[in-house]
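Look for chain A in each of the two complexes below; its partner is chain B in the first and chain C in the second.
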Partner chain A sequence: MSKLSNLFMTVCAWALGIAWILPLLYAFWAAFHPAETATSFDLTAPLTLENFKTAWQQAPFLSYMINTVVITLMILIVQLVLCTLAGYALARIEFWGRGVVFALILMQLMVVPEILIVENYQTVASLGLVDTYLSVGLPYFASAFGIFLLRQTFMTVPQDLENAARIEGCSRLQIIWKVYVPLARPTYLAFALVSISYHWNNFLWPLVVTNTENSRPLTVGMAIFGAPESGVDWSIVSAGTLISISLLLVLFLIFQRQFVQSFMNSGIK
Partner chain B sequence: MKKTNVIQAWLLLLPALVLLVAFTHLPTIKTIWRSFFSIGERTDTGFVIDNYQYLWEDDVLWQVLGNSFWYLIGTVPTSIIIALTMALWVNSKLKGRSFLRLAYFTPTILPMISVANIWLFFYSPEIGLFNTVLGWFGHDGYNWLGDPEVALTSIMVMTVWKEAGFFMIFYLAALQGIRPDLYQAARLEGAGSFTILRRITLPLLMPITLFVLVNAILNAFKMVDHLFILTKGGPNNASNLLLYYIYENAFSFFDTAYASVLTVLLLLILVLLALFQFGVLERRIHYR
Partner chain C sequence: MSYICVKGLTKRYDDVVAVDNISFEAEEGEFVALLGPSGCGKSTTLMMLAGLEDPSEGSIVFNGQDVTKAAPGKRGLSMVFQSYALFPHLSVGENILFGLKARKVSNNERNARLEEVLDLVDLRAHVNKKPGQLSGGQCQRVALARAIVSRAPICLMDEPLSNLDAKLRNEMRTEIRALQKKLGLTVIYVTHDQVEAMSMADRVILLNQGRIEQNGKPEDLYNKPESTFVAGFIGHPPMNLIADAQMVLGIRPEHIALSEGAGLSTSVINCDYHGANTLIAVDYRGHALKFILQGHHNHPVGTPLNIQWQRGQEHYFSDQNGRRLAVPTVSHFLTEGLS
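== the complex of A and B ==
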């Protein structure tokens, strides 16, 4: 009985697993087959790379990809610096109003930047920054999530280490850099992976503030490329899709353990 | 010494605070202000409540709120139950569980826009995968995205697919945190698998369930990317959601004032959610 129910569970689990990667499997199928066989699932159909060539020629994927990489890395680096400084101050310096400041920061966990697109667009426009990398990053640079995560981690660092460093003559910034940053490495990795996958995939805000391929990331590019009005067929859209997710997918497959672990840690703390 | 400490603290916080105030707090206040002091794109109107009056008359808004409500009811419990089931499977001794974990988690890291393009094909009426499969059983299939009766459900199915793996991760972390001796003790007492699940595992997963619940609700209001690809809120607003409606008003109809009113509405919903979280959830989470 128990064996039977176990088998049943395994079958269900696998069925669900296959259903869950089906869209990805299909994208691979369609991308490597000519348009006529993309919808027929004939196993003997010839393979082709033609779709990738066409997709690559029809949309400026290279610019999109460069934009996405630059935007994602820019946001990550600025976030790491700002969140480290703020997280340290909140974790280790006592000052009047600390609780209030912390509460104000945490507000961003609820009122996420996506919700304020109308007003933030006005701000970016009045600064004359529409259609720049900077405009895509600005609302995300100060990440409440990152500050919170690093504050929690920094609070677990023994105070003695900081005191010892101070006696050695380290300044505040040196203490952060030499004591706190190395000890919080797992938190940085977790935050980095979450941030990268978030901003690689982000769509609504980049859609609002980018106008041309000078700053448009892959997601916005894909939305234009895949639109039915553009008249491309399934095979080519699939090829484009694979191009757009390739870098992230490779990164994910290489670091899958860290990815899963990072998402776990970041949720729990 | 103490004074320099305080100055240093504020200096360290300054860059993050300036950006947070400029892109979270000020816009929140300005949204409320704009909703009372402008009409359309005009800002020289003085105090008006026309925008709020229009809220009541706007049939589309009520439809959108209804959609958002059903979207919430349809996606949140389903994704949580599937996520929990996935986590239990992946955490047990099933064959190939590392592959399954990978499979379940993959939709989470893929861009919504890209995968929506693939789902667009699944849902397409003539050649789409779903209708082809239904055709094998002699069914005529549905116009998944074109039929007002079905469109929102189709959107929900894709949302559950995208979200479940993400929530699974939180459950997985919680499951791995349950002390094994609890299970051993229960087994010694002669408890079966189902009793253990009901009496030990599920109660211990309550705090994380509440955490996931809040995040899932927040996501239900935040997640509209797939609408841009699949339905654009249509047909006839049948699958339009609040945030998408805000986007439409601001950037397609250029009615910034009304978009601000709608944003205020969304902010109110989030405040309620926050009160729920701190009022109800925090108290329960700390029971251990």
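== the complex of A and C ==
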């Protein structure tokens, strides 16, 4: 019986894994073959790098790439600072209405960001920030997920450690920096991974709020290839996709082990 | 004026009074133990001395300076925690130097002080290990070293030995006392263990329900308990306290001896063998008395035993408020049977 269910699990895992990786494998196939053989899967078809060249020339990938990196890092850094301070305050500072504030933050977790797109656009427009890096990041800076995650982690830090640091003359910020942050490292790593992959791939909000290549990230830039008026050339779309995911892919392969471990350590899977 | 001067210290949580109007003093270089059962307010008192809790009322003066409202880091004190409170992400050496780094002490000075303190607490071999790799006793030493290295004149200790096993606790007791004397530290030491308080401290302050029951030398607490609470708390096994219509008589188990013929005629209730001695409980007119005999004794229940003690070894307390009575005006029924 258990053998059978084991077999079933294995088959399911493989099926899911293959279903997940197929688009990526196809992208690799199409990107390295001329458009004529992109859908024929002829193993003898000639390999080519022409698609990458075309894609690179058709769109300003370099500035898209820079935009994406800057936007993603900016969001991550601001999130880490804000979530650390908010998480610490909610975990360790007793103030009037703390429970209500925390409940409101948890409620934010349940709101789908897309619902707020119009409202957010009006805010960003009234600030005169449309088509800037700041406008892409602004709605995501105070991450409810990050605040919740760090609050929970900070709550597990023994009060005595903070007391010991206070006796040694540390200020609140020093305590956070020297005691809480190092002890929450796995949580930071896990959160950073979630944040980076989410904002690297984020599409709808950047599409709404960016107008030019000054701030347009890769995901929005890629959409040009798929637009009906420019015609769909799968080989070139695939090549562009590979270019845009290349940096993340390399980073993931290098840090794969740490990523998995930090997720295990922080208790999220 | 004394080195540490605490006046009218009170801590209220909503309607619970944890510490109730406590006043005491400590001289420079003195080892003072705050002793009491759990919930008596001794740890809260220490937290207020450290500045980690704000007092509801009262003042704290260290070396002539009022520090009642000062930040913990500005009071010139170090602290050893029951949980050791070592930073798990730092090595032993970094843990010890944590405070000096926070206070921006120069690199040379830091290293010199580390060298000095490592020898004092015998941790040289472990300086690069993380706290997770150390035994309980070694962690305790790191916590001590961190307190010593700051060179703060006052050291607060919150049950530092209660997480250690009995053998190690005895060793560390001697070690802490020796270090305190060598460095001339003024120590306020919180414990619920009377053996620790009696053996280490110059002075013991016994707390009960947020108030001071007695403040005195260890031998005073043992020889002249100020109340029935002190009498029952200090000494192992605790003092026999027998009430009659007028007052309470206290007699320590170790002062009672068997007698031939004379004395109180009692009958055995129970014998409890402890190895070196036997704790015997006897019944005298419906009152249980406990006393200690050297060696192994096993009397069946009901065995008649005559006991007595030297007159003058008993203590008298008021049956109204439990306070000590100087000289009894009338005799207690227990002493009538004694010669």
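The rule is short, and it goes like this: the second predicted complex is superposed on the first by the 237 of 269 C-alpha atoms of A that agree within 3 Å, B and C clash if a C-alpha of one lies under 4 Å from a C-alpha of the other, contacts with A are read in each partner's own complex, and residues count from 1 in each chain.
Basically, a residue touches a chain if its C-beta (ideal position, glycine included) is under 8 Å from a C-beta of that chain, and two chains touch if they have at least 3 such contacts.
Predicted model, so just to flag it, every value in this text is computed and none were measured.
Room for both chain B and chain C is found when the two structures are superposed via chain A, with no clash between them. Between chain B and chain C, an angle of 100 degrees opens at the CA centre of chain A in the superposed model, to the nearest 10.
Residue contacts after overlaying the shared chain place A:Pro182 against chain C, while chain B stays out of touching range. By the touch criterion defined above, A:Gln174 lies against chain C but remains apart from chain B after alignment on the C-alpha atoms of chain A.
Between chain B and chain C, B touches the greater number of residues of chain A. Legend: residue contacts after superposition of the two complexes on their common chain; A:Leu138 is shown touching chain B, with no touch to chain C. Once the two complexes are laid over each other on the shared chain, residue contacts for A:Asp160 go to chain C alone; chain B is not touched. By the touch criterion defined above, A:Val260 lies against chain B but remains apart from chain C after alignment on the C-alpha atoms of chain A. Our summary of the superposed model lists a minimum C-alpha distance of 7 Å between chain B and chain C. Once both structures are placed on chain A, no chain A residue is touched by chain B and, in the other complex, by chain C. Contact residues of chain C toward chain A in the complex are 50-52, 71-74, 77-79, 81-83, 85, 87-89, 98-99, 102-103, 146, 150. Taken together, the chain B residues at the contact with chain A in this complex read 5-6, 8-10, 12-13, 15-20, 22-28, 30-31, 34, 82, 86, 89-90, 92, 94-97, 99-122, 127, 129, 132, 161, 164-166, 169-170, 172-174, 177, 211, 218, 221-222, 224-225, 228-229, 243, 246-247, 250-251, 256, 259-260, 263, 266-267, 270-271, 273-274. Remark: chain A residues 158, 160-161, 163-170, 174, 178-179, 182-183, 185 touch chain C in the complex.
Residue ranges of chain A in contact with chain B, taken from their complex: 9-10, 12-14, 16-18, 20-21, 23-24, 26-27, 30, 39, 81-83, 85-86, 88-90, 93-96, 98, 101, 104-105, 107-108, 110-123, 138-139, 141-142, 144, 147, 172, 197, 200-201, 203-204, 207-208, 218-220, 222-223, 226-227, 234, 237-238, 240-241, 244-245, 248-249, 252, 256, 259-260, 263-265, 267-268.
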